[in-house]
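Shared between the two complexes below is chain A, which pairs with chain B and chain C, respectively.
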Partner chain A sequence: MTLETLKPYLPWITLFVLAGIVGAANPAFFNPVGLVALVADITPLFIMALGMTFAIYIGGIDLSVQQMANLVTVIATVYLAQFGIGVAFVCVIVGFLFGAISGFITTRLYVPSFVSTLAMGFVALSGAKFLSGERALSMDATLRDQSFGWMFGNTAGVPHELIIAGVLLFIAWFLQKRTTFGRALKAVGSGELAAVASGLNVDRIKILAFAISGMFAAIAGLMFSVKLSGGDANLANGFLLLAIVAVLVGGTPLTGGVGGVVNTVIGTLIVVVIRAGMVYLEIDATQQQMVFGIVLIAAIALTIDRSKLRGVVK
Partner chain B sequence: MYELRKVDKKFPGVHALKAVDFKVNRGEIVGLVGENGAGKSTLMKVIYGAYQPDGGTITIDGTAVRFQNPRQAMEHGIGMVFQEQSLITNLTVMENIFLGYEAQFVKFGVIDWKAMAEAARRQLAKVKLDINPATITSELSFAQRQLIELAKVLTLEERIDGDLVILLDEPTSVLAKEEVELLFKLVRELTNRASFIFVSHRMDEVLDLSDRIYVMKDGEVVDVVDHDAAEVDAIQHKMVGRDVDKEYYREQKQQPYGDEVLVSFDTVSAGNRYKDISFDLHRGEVLCLVGTEGSGREAILRTIFGLQTPTSGQVTIKGQPISSFNARASVDLGVGYVPRERKVEGIVAGMNVYENMTLSQMQNYSNAGVLRTGEEKSLARTWIERLAIKTPNENKDCGGLSGGNQQKVVLAKWRSGGSDIILLDHPTRGLDIGAKEDVYEMIRAMCDDGAGIILVADTLEEAIGLSHTILVVKDGEFQKRFDGRPGDKPSLYDLVHHMI
Partner chain C sequence: MADTMANATPAARFLTRDRIIKWAPLLVLGVLILLFPFFEWLEDIRAGEAHAYLIDSRFFSIRNAARIGIAAAPALMVAVGVTFIIIMGSIDLSMEGTVSVCAVIFAFAFLAWSGTVLSWAWLAIPAAMLVGAAMGFINGLVHVKLKIPSFMASLAMGFVGTGLALLLTGGDRTRVEDPIFRSLLTERWLNFPVMVYVAFAFLLIAWFIQSRTTLGRNFYAVGGGEELAHASGLNVERVRLMGFTLAGVFFAVGALLAVGRIGIAETATGNNFMFVSITAVVVGGTALWGGIGGVWNTLVGVLIVSVINNGMVVIGLPAYVQDAVLGILVILAVVLSTDRRSVSFVK
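== the complex of A and B ==
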């Protein structure tokens, strides 16, 4: 068995091996109640990673997601009183538009997505700072519970976050697997030139992929904001690295075309396990990003399809 | 002096070289012939060090050698003159000649350009080229650049001790008859400096120039013929496994084309890509665009497919004047495009057969954007059977199919969607002979179905054999039109004469 044939199973193997190690060191890890809580806790990150999957699946990347979420925490907090639950709609539209602009810059101005989304991320950050006056804002508890109380809590022992995550996962999966759009995404990710030569409107497909990424980042930001009952321009910091790690260790390579949203579920679970392991090993929070940085490099090195790079990496 | 013994090379799914014995003596010109896919290019790559053999030995004057890369091969006196020229066109001639070996001219950390120019002149004299070494390479003709490639390889003489072996890969493919003769004369003279391996698909030229000829088929050397014993027909028979004649290009199936015009160009120009091009493509017609690389052939195809917007002139498709150029609109008018780079533009590797077949027509297999995969699969099964595509089933990744079957998938994609203006860019490139014949059959079949075909052929012979009409373009400008009725086809040199 070679590494190539093993590749599709690597995320699963990684997940089970890591869970086994953490569980062996700390049997309490396998306590179902604790596990569910751990997983529910990471829902905003999962949703962000779900959106990011679309950008990476077409061979791009979206570095604006964290700042997008930051901006949305501020928007949600500032406008909750005015719009009530309608603020969710505002957030989603803002996320979609920001993503679409990144996509437009990438496809029409030929700016690589890692630059266009990085730049748009700074625009979002700046917007968040301006809107919040660089202060940490908090939501009115009553208003919050009125409009978004349903986001948290339990039904038949299942945390609502998980239900929301499940619904979004289904939508993303359906888009990717069952629609012409999803098929087009795969074509663009696997062989963009062939997609062009088949008459697909590749630019529009890419713009939509980035818009979806922005939209999911906005949903993640909204959830996070409701969860912490407030918003500020740095609230979601630390999400970006984890979101990229979740997508890549899940098995969607930077070169795109394979993997997809279900892989991102596995990737996110791997992130959960690594995090839990580090807490158990008492790795200081300041060092955790270092671990994830190393994991990210390893994941890219293992998953990237070098035949698509045609020998040139700049 | 240079010898390969029982050299083997395998790629996933292909046994490219099977125990090949190959030998070049001092001062000898060795011909190497074989169809595309016979293993010629793999053998050459092994010789000049781009590939490492899986088995067998390579010896130079009896000493075993193993090259990790082309540079090591060069240091042992093996140089390659590339068919797709390897010169960097925005550098000067002398910079190209000494690319990677500038150190010899460096004094106090800067390059002594005078010394380099002087040295370059000496190299140019070897190939009898009298030009200023400071000329920018792009200003030279194709033939001149070919000679500079040769001069570049001949610099090895001064750098190494042993003998030189120089590979010439299809050096004559775009040379005029007189230029070919000059090149041959030069190569014969240079045999006192080097041995040559001459690769070409033009049999008469190989016979003319070579002392000995290696014939390859399916990764094996099937025959070695001496110059005096060589006959075109016999060699061709060995190469192909049977006689090659008019049957090959299905000339007997060539029917007169219809009256209806599918595509019309009226003095169309696209920037500096092509200028004032006019033609009509009719139903049932194979129209071939002939010219050298970069002559504007591809740009014309891309315009019809909507990927290259013209700057002036009028393009009409099926009576409809085209004002906005995009691929979707062209596809909707029935245009299908079979690009040259089959593996990266033709099929999507990583997607399976049915996904590839419906990629251009997903709207016909979906409701409100949701795919009807069952229908996609049954379409794929129909076409797998109709074109005899060799695949276990419709769920197989197209990237794992052979080149010929990939090409069938691409053709099925367009034909199943009802496309009747088919643009073929090098449709037989890299295919083995059986697969080529399948493509030729399909071209005739599409014409019988009333499709019009614009072809950029892989070889001139193919262009002549297949087409009703040949348009020769050069530097983006129309040169000459030939009509090719079966039995009354233009000759190779008729075309070449106008190409360069």
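== the complex of A and C ==
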């Protein structure tokens, strides 16, 4: 058994080994109520990672997700009174459009996605600062509960966040596995030149992938905003690293083409376990970023498909 | 202009694509320097306090030039560092972490060794540069040896760096109040503070490395065509490693100037350096694909970015506009510097 044959199972193995270690150190970790709460808590990050999966699946990257979520927390807070639940629609549209513009800049203007999304992220940040007046805003509690109270709560012991995450996961999974668009995504991720040669409209597929990434980031921002009952141009800072980690640790390599949204579920769970482990092992919160940075490097190094880089790694 | 280009062949030959790309950044800088005083002039006329255009301008004055110089000096050092990487066709996004770590370690060492440049504490300056070199080297190792694309390797290393700085400081700020070190900002020669001259001196060193050393020529060779460079016997991996190490040293110099400017070292010292420096390099005319441009382009790019930031404040635009303007600027610069015939697809 070589590393190559082991590769598809590596995320699962990592998850169970890590969970085993943390559980052995602290048996209370396996308490179902605590576990469910831990997982529910990370839902906004999971949704963001779900969208990011599409950008990475086609071999790109979306560095704007964090700023996108920041912008949406502000939009949701500012326009909640005016639009009620309709603000969710506004947020999703804004996310979709921003992502589509990033995709357009990448495909039609030949700007590498890490630059185009980074730049669009700063445009979004600018918008967030403008709308919020560079202050931390808070939502009106009654309005929030009226419009978005359903997002949080329990039905038969299942937190609503998990149900929302499940629905979104199903949509993403359906898009990826059961539609022609999903097959086209795989074709683009596996080999863009071959996809072009076989007559696919690659530009349109890539633009859509970035738009989906932006849209999910917006949904994540909306949930986060409702959860914290407010909006601020820096509210979602710190999400970007974890979202990338969740996708890559799950087994969708930076080179795209394999993996997918189900892998991101595993990746997100690994992030949950690592976080919980750090709490139990009393590793200070200030060290988390360092730990996840190193985890990220390890994950990329293990998953990346070097045959696709054609010998040249820029 | 389109007419003259179509009709007159000498003009067409004069205005080649290469030449336009070469001189456009300088032209943009010149236009900006004339444009902001113009807006200021218009504003004053509307307010009924007309002043002589350029002569009595608040923007176009020595005092403001010094202000721009102070803002630009640390960013210039970071941008010069990343210029070498971009010439090689790679990218380095780790500067925020590296700058923070260098700033924090410098401050700790400086204060631990009695806190004045006149004692052994001056050793903290080369120590910080060594730390920068070490971080750049590790960054290069991760990129070259693990074969991870540089943008992702360096982004991850940047997160590690910021995390390390946070770990070292525990979120606290360290003040560096030694008057001799702070004379970087307070001491002025010909109206400009010392840090501007220091930055210029390091720019000259960078220029020397770029144009007069084998290493500098090798950066261009790798950026111009890696397979070709490899086939002609160049140890490409070594050149890349050296490039990232060198960039780390310049990030450290940027960190020192940043600490000299505000007198505080903290985790946030590195904030914003990534986007500003990448924007500056690209806007200055160094192509993201490698092989073209250099440190003088970066000087022009840093000045463009600093002039825009400063000018928008002078003419009274709110600060939040800057992020969006820089975002659009970097996209425009990459678009304009890309030769579409030679690029099949981008990721």
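To be clear about the criterion, the second predicted complex is superposed on the first by the 314 of 314 C-alpha atoms of A that agree within 3 Å, B and C clash if a C-alpha of one lies under 4 Å from a C-alpha of the other, contacts with A are read in each partner's own complex, and residues count from 1 in each chain.
As a convention for this text, contacts are C-beta pairs under 8 Å (C-beta built on N, C-alpha and C of every residue); 3 or more make two chains touch, one makes a residue touch a chain.
Remember, it's a predicted structure, so these values are computed and weren't measured experimentally.
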Message: For A:Q287 in the superposed arrangement: first (chain B), second (chain C), both or neither?
response: second
Query: Is A:L193 in contact with chain B, with chain C, with both, or with neither (first, second, both, neither)?
result: both
Residue contacts with chain A in the superposition, chain B compared against chain C: C
- request: Go through the superposed model and pick first if A:N201 touches only chain B, second if only chain C, both, or neither.
  value: first
Query: Which partner does A:A184 contact after superposing on A: first (chain B), second (chain C), both, neither?
result: first
Task: Classify the contacts of A:G257 with the two partner chains as first (chain B alone), second (chain C alone), both, or neither.
output: first
Field: Contact residues of chain A, present in both the chain B and the chain C interface
entry: 193, 196
- prompt: Once bound in the complex, which stretches of chain B touch chain A?
  reply: 305-307, 326-328, 330-331, 337, 339, 341, 344-351, 355, 359-360, 362-363, 366, 369-371, 413
Message: Can you tell me which positions in chain A touch chain B when the two form their complex?
response: 178-181, 183-184, 186-187, 190-191, 193-201, 257-258
Task: Mind listing the chain C positions that touch chain A in their complex?
output: 89-91, 93, 142-144, 146-153, 155-164, 166-167, 170-171, 226-227, 275, 278, 282, 288, 290, 318-328, 330-331, 334-335, 338, 340, 343-347
Query: Once bound in the complex, which stretches of chain A touch chain C?
result: 59-61, 63, 105-107, 109-116, 118-123, 125-127, 129-130, 134, 192-193, 196, 202, 241, 244, 254, 284, 286-294, 296-297, 300-301, 304, 306, 309, 311-314
